[in-house]
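The structures come next, written out as structure tokens.
Both of the next two complexes hold subunit A, though its partner changes from subunit B to subunit C.
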Partner chain A sequence: MNSTALLSAAKDGILTGSVYALMATGLTLIFGVMDIINVAQGILVILGAYLSYALQVHWHIDLFIGLLITIPAMFVVGIVIERLFLGRLKGPEKTAMSILVTYAVSLLIEGALNMIFSVNDVQLQGWYVNRAFAIGSVHFGYIYVAGFVLAVGLLSSLYFMLYRTRFGVSVRASLADQTSAALVGIDVKRVSTICFGIGVAVTAAGGMIYGATNSFNASTSYDLISRLLTIIVLGGMGSLGGAMLAGVGMVFIGDMVGVIWSPIWSSMSYFVVLAVVLLFRPQGLFGKQAVRVA
Partner chain B sequence: MKLSRKHFRVLGVASVAGAMSLTMVTASGASSGGLAAGAKVNIGISLSLSGDFSADGLAFQQGYKLWASDVNKTGGLLGHQVNLVIKSDASSPTQVVTNYQALISSDHVNLTFGPFSSLLTLPAAKAVSRYGYAMVEGAGGAPSVFQAGLHNVFDVALPVANSLVPFANWVSSLPAASRPKSVAYVTSNDPFTQPQIPVAQAIMSKAGIKTVYNHVFPAEVTDFTPIADAVAAAKPDVVILGSTDVPTVSAFMQAFEQSGFSPKAFIATAGPDQGATFIKAVGAANADGVMVPNSWYGLAANPTSKKMVAEYIKLYGGTPAGVNGDVAEAYAVGQVVAAAVKATGGFVNSKIISYLHSGVSIPTVLGGAQFNSLGENPKMTAYTFQWQGTKGTSFVQVNPLGDPNTVKIVYPKPVWGK
Partner chain C sequence: MFEKKNLWWLLGAAVLAVFPLIVTNPADTSIAVFTLLFMACATSWNMFSGYSGYIALGSSVFYGCGAYTMALVSIHAHMAPGAAMFWLVPLAGLVAMLVALPIGWMALRVRRHTFVVITIAIFFIFQLAAINFNFTGGTSGLALPFIQWGFSYYNVPFYYVALGLVIFITFVSAGVRRSRFGLQLLAIRDDEDRALGLGVKVTAVKIAGFTMSAFTIGMAGAVYAMFVGQIYPQFVFDPVFDISVALMAFLGGLGTLAGPLLGALILESSQQYLTVSFSNGSLYLILFGSLFLIVIMFMPRGIVPFFTDRTKRSAALKVAEANNQLAGAGAGSAQS
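Entry: the complex of A and B
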């Protein structure tokens, strides 16, 4: 092991981890506000990637400019899914049922993507996708840096929206206690619908970066959702800060172990950390209850 | 009458016994070879139409369907039209077993063809062997498949352990001045890729080529960048990547390019053989100089191969270089089974197994298929292929040296994208 490999792994962990954090934030926002575990988040990330792919291939629209179309489009997709399938879920079994419903949604989208794009792997292309700049001996891929900036920008916007706007107050009130929020006049259903839309909209950005750094097809979503779920479990279901920390932490830990020890242990190391954390804090690092009273 | 627990138990045992006898009767009936005139011969296949191996699964499906279409055009098997019964296993070693059990016991197929990948072929072949069915396959060449002691499995393709031998021999034979000094081995934790590495390493170490990186990574990795960066940091002259698919290869290539690292030679065990899919993922310019071991390519001189490629292009478009090697492997499976059915005069699986173990050589699009006692096809020649040029249309045979179809290898590999 040399210092370049170590520094590169640290860089990879932070840059890639931020994109996972962005994708996981959407997932945890949805759970926090709606008590819905959206296992379709993985396929929605891939749908976002395919939207960028379609814009690029058919209309030659740059990946980043295309986000101006794909983010609103995914927001609408989220609203439609919420209205058609999730808004009807009620009662104590809502969370458990949401897993089944969103899984069904994910199968529907996967089938449609396979029909439209086939199962052959594709990758998003752009002049910046394979290029990099160096600081010392460490190379920074433009696309990874752009992904990091995009993730930080969108997460900051999300935080601004939550803590500096009237709508954010409604969201946080709904996060804390839906009944009380409704009693003070907040339209919790509307807030839930918009939050689901926002949670899905961020997948457009996450999907674009993922698709530019990896080849993908619809089946790639299974690897993604398993990672995203473990991130929000570690961070604490419903905790935005927890999702961000766990997203970066997961990739960082795995990457460092891969270089210091062996790549074969990289995934396992994260799950060891997860198991240890859950042993002492079953609600995750920043569990839902702690966030709701904050 | 009220039924007691004892009655239920007796009834349960009787039902199970009845179901078992029925299954045995139908299974033996299905493999009797005595199909009624005009009846179709049903061939059961489990393929990975979703999941990690979906791109390969699709190519296999194309190959099987192409073969079935060709056979049916010429009157079918012994006068019976071929009907492929395909179930998707989602790339799952558990689902593949369920599928073959259902194909045999519920769908009563007459014959079975193999799934994709060694990972799925082993459990599938075990399941099928319990019913006495032959499993001819084209993508289960890992040693673990043949070490299971099964008598019913036959792989038409090259045994994977020796796939990298021509490449390792070529590197080792280079003059000392131009011979690489160092090599990195990085492989997925997969029964198809892992056995290839030690064989190549033994040859190259003997030639004095130093191993500077040698690690296995988990099959479910989604972010290859840190692993690729660690390889790049070791600055090897040669990189041997044990990959099972296009995404793995493209991720490594992208990370290498971003870190300013371009090895003198780069070979991946699978991925670059997937023709147009590979080119689409990595970009034609980046593919220049990338190598892959295989037993077939779209420009093979074999006349039946040429015919199959022409039919494939007519159906799906593209160029000969862009035809996925999986298509040919699947097609060859059909050819072997057709020859066995013709030779044995029926669809009796036990006779087909005996026939394929008899040492007979069967011509296929891949070349001659002749099986040893384990079901391997050891006489299949290992080739190395290389993408040459920057247009993504030239996929050529560069090994073994001395073969009339072998062209000069591009070495050192051009810098990425140049």
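Entry: the complex of A and C
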């Protein structure tokens, strides 16, 4: 092992981690505003990747230009799922029910994707996918850098929307306390629907980058959702900043373990880190202490 | 003393007891063995998650530990293949409890929503460990001592052992529900802070419940390992198992006694049937997902509460009508 390997693992961690951070932010936003754990986030990422794939194969649309179509498309998918199924859930078991409902939705999507695209692995292609440039002895893949820029760009615009617009104020109010938000005249239901749409829309970008850097099929979603869930728990459920930091941190640690020890333990290291952190901070790194609601 | 309700339970037990005498086709009895194992697991899961409201989605950790205990001990002790291996089943349950104790200690420090996700994470730790360690045989799995019972007879001992597990866990679960301990679990579900305020040692009660529920799931895993004869990490540590067990309890009615039994009976047998009739895996996923959504949307509280609520409501209506008539008669007589 040498310093170059470590340096390149660190670089991978930050570049890939930002994409995970983007996908996890969608998940934590949905949980924070709606108390819904969207287990379908993994398959929605894959759906986003397949949309890019379809555009590329059938209409020869470039991956990044294709995002102009896939992001709004995934936003609509999110709104439809919320309107059809999730909006009706209520009562004390809402969160548990939401896991089952979104799991059922993910089974449906998985079955449909298997039928349309078959179970063979595919990977997104483009002239930039397999090229790299070097700074010193560290190589930077174009697609990883582009993914990093895209993730940072989308996360910043999400931040801008949340902290600088009127709608963002409503979202943050709903994150803090839904009842009070409703009392000051915020249409929490509408905010929820739009947040779910946004949370799902980011999977289009995340899925495109994921699909260009990994080969995937519908069952890849299980691996993805387990990582995303770990990230949002580590960051503290409902905390946007926590999700971003944990996303980068987890991939970084995984890559480091892969270089120092062995790649077979790198994905396990996520879960071990999670277990250790939770021993000392049960609410996650940036989570709020659970407070009595009723 | 002998209520109508108990009669239904006895009838169910009797039907299950004679089932393999009537249906002898091995393909059908093997579906029945799997269904019984799931009935035991769902009831055991419900005994903690249903009563306490802490939804655990990592039950296959215990199932897998039970299965690996059975496999490793029977292989390394060079056991003669045969019925003697059934003695390992309770041991597998104890190992599952030993595994559950530290997990519960760690995972039950957080509130409900986070607990769900942590159990999923712990599940993945175990699955990855089983794939990567050497003593588990990795992805090629472990082959148990080969049991040479006749093809037509093979399923029957497993059927009755599995039925024994179902009866055992049903009695335990019913006993827990009536006990002080069960009431404490229910109090935690309804309002954990108030239960704490009233002197319930919530953490100890939760950990005890969690560990107890691991016992039967571990035993079921051991029976499964013996039944199929060869185990693989991706099948004993299976995310679909985690979700299925929870789903069966939800389908039947969370926190009820008959609910998980009914849910597992319906779901596992129909799932096996669908797999057999639609060899196309994706179509099966779509059908299963839609069925699942329809049930959750129309019977959000499960089958058992759906029907008991109805009978209760109609009984309440009758009482109300009778009261109205009485009141009307009373008012009439007062006027006259």
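By definition in this document, the second predicted complex is superposed on the first by the 287 of 294 C-alpha atoms of A that agree within 3 Å, B and C clash if a C-alpha of one lies under 4 Å from a C-alpha of the other, contacts with A are read in each partner's own complex, and residues count from 1 in each chain.
Going forward, a residue touches a chain if its C-beta (ideal position, glycine included) is under 8 Å from a C-beta of that chain, and two chains touch if they have at least 3 such contacts.
Fair warning: this is a prediction, and the values are worked out from it, not measured in the lab.
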Joint occupancy of subunit A by subunit B and subunit C, clash or fit: clash
Contacts of A:110 with subunit B and subunit C, given as first, second, both or neither: both
Which of subunit B and subunit C A:139 touches, first, second, both or neither: first
Contacts of A:267 with subunit B and subunit C, given as first, second, both or neither: both
Touched partner set for A:222, first subunit B, second subunit C, both or neither: both
Subunit B versus subunit C as contact partner of A:157, first or second or both or neither: neither
Contacts of A:165 with subunit B and subunit C, given as first, second, both or neither: neither
Touched partner set for A:93, first subunit B, second subunit C, both or neither: second
Contacts of A:180 with subunit B and subunit C, given as first, second, both or neither: neither
Where subunit A meets both subunit C and subunit B, residue numbers: 110, 114, 222, 264, 267-268
Subunit A-touching residues of subunit B, taken from the complex the two chains share: 49-52, 54-55, 57-58, 90-91, 186, 189, 215-218, 220-223, 225-227, 229-230, 232-234, 245-247, 250-251, 254-255, 257-260, 277, 280-283, 286, 416-417
Residue numbers on subunit C that touch subunit A, as the complex places them: 53, 55, 57, 106-107, 109-114, 116-118, 120-122, 124-125, 128-129, 132, 191, 193, 239, 243, 246-247, 250, 254, 281-286, 288-290, 292-293, 296-297, 300
Residue numbers on subunit A that touch subunit B, as the complex places them: 1-2, 4-5, 8-9, 12-13, 16, 110, 114, 118-123, 125, 129-132, 134, 139-141, 144, 213-220, 222-224, 227, 251, 254-255, 258-259, 262-264, 266-268
Residues of subunit A defined as touching subunit C within the complex: 31, 35, 37, 85, 88-89, 91-93, 95-97, 99-101, 103-108, 110-112, 114-115, 222, 226, 229-230, 232-233, 237, 264-265, 267-268, 270-272, 274-275, 278-279, 282-284, 287, 290, 292, 294
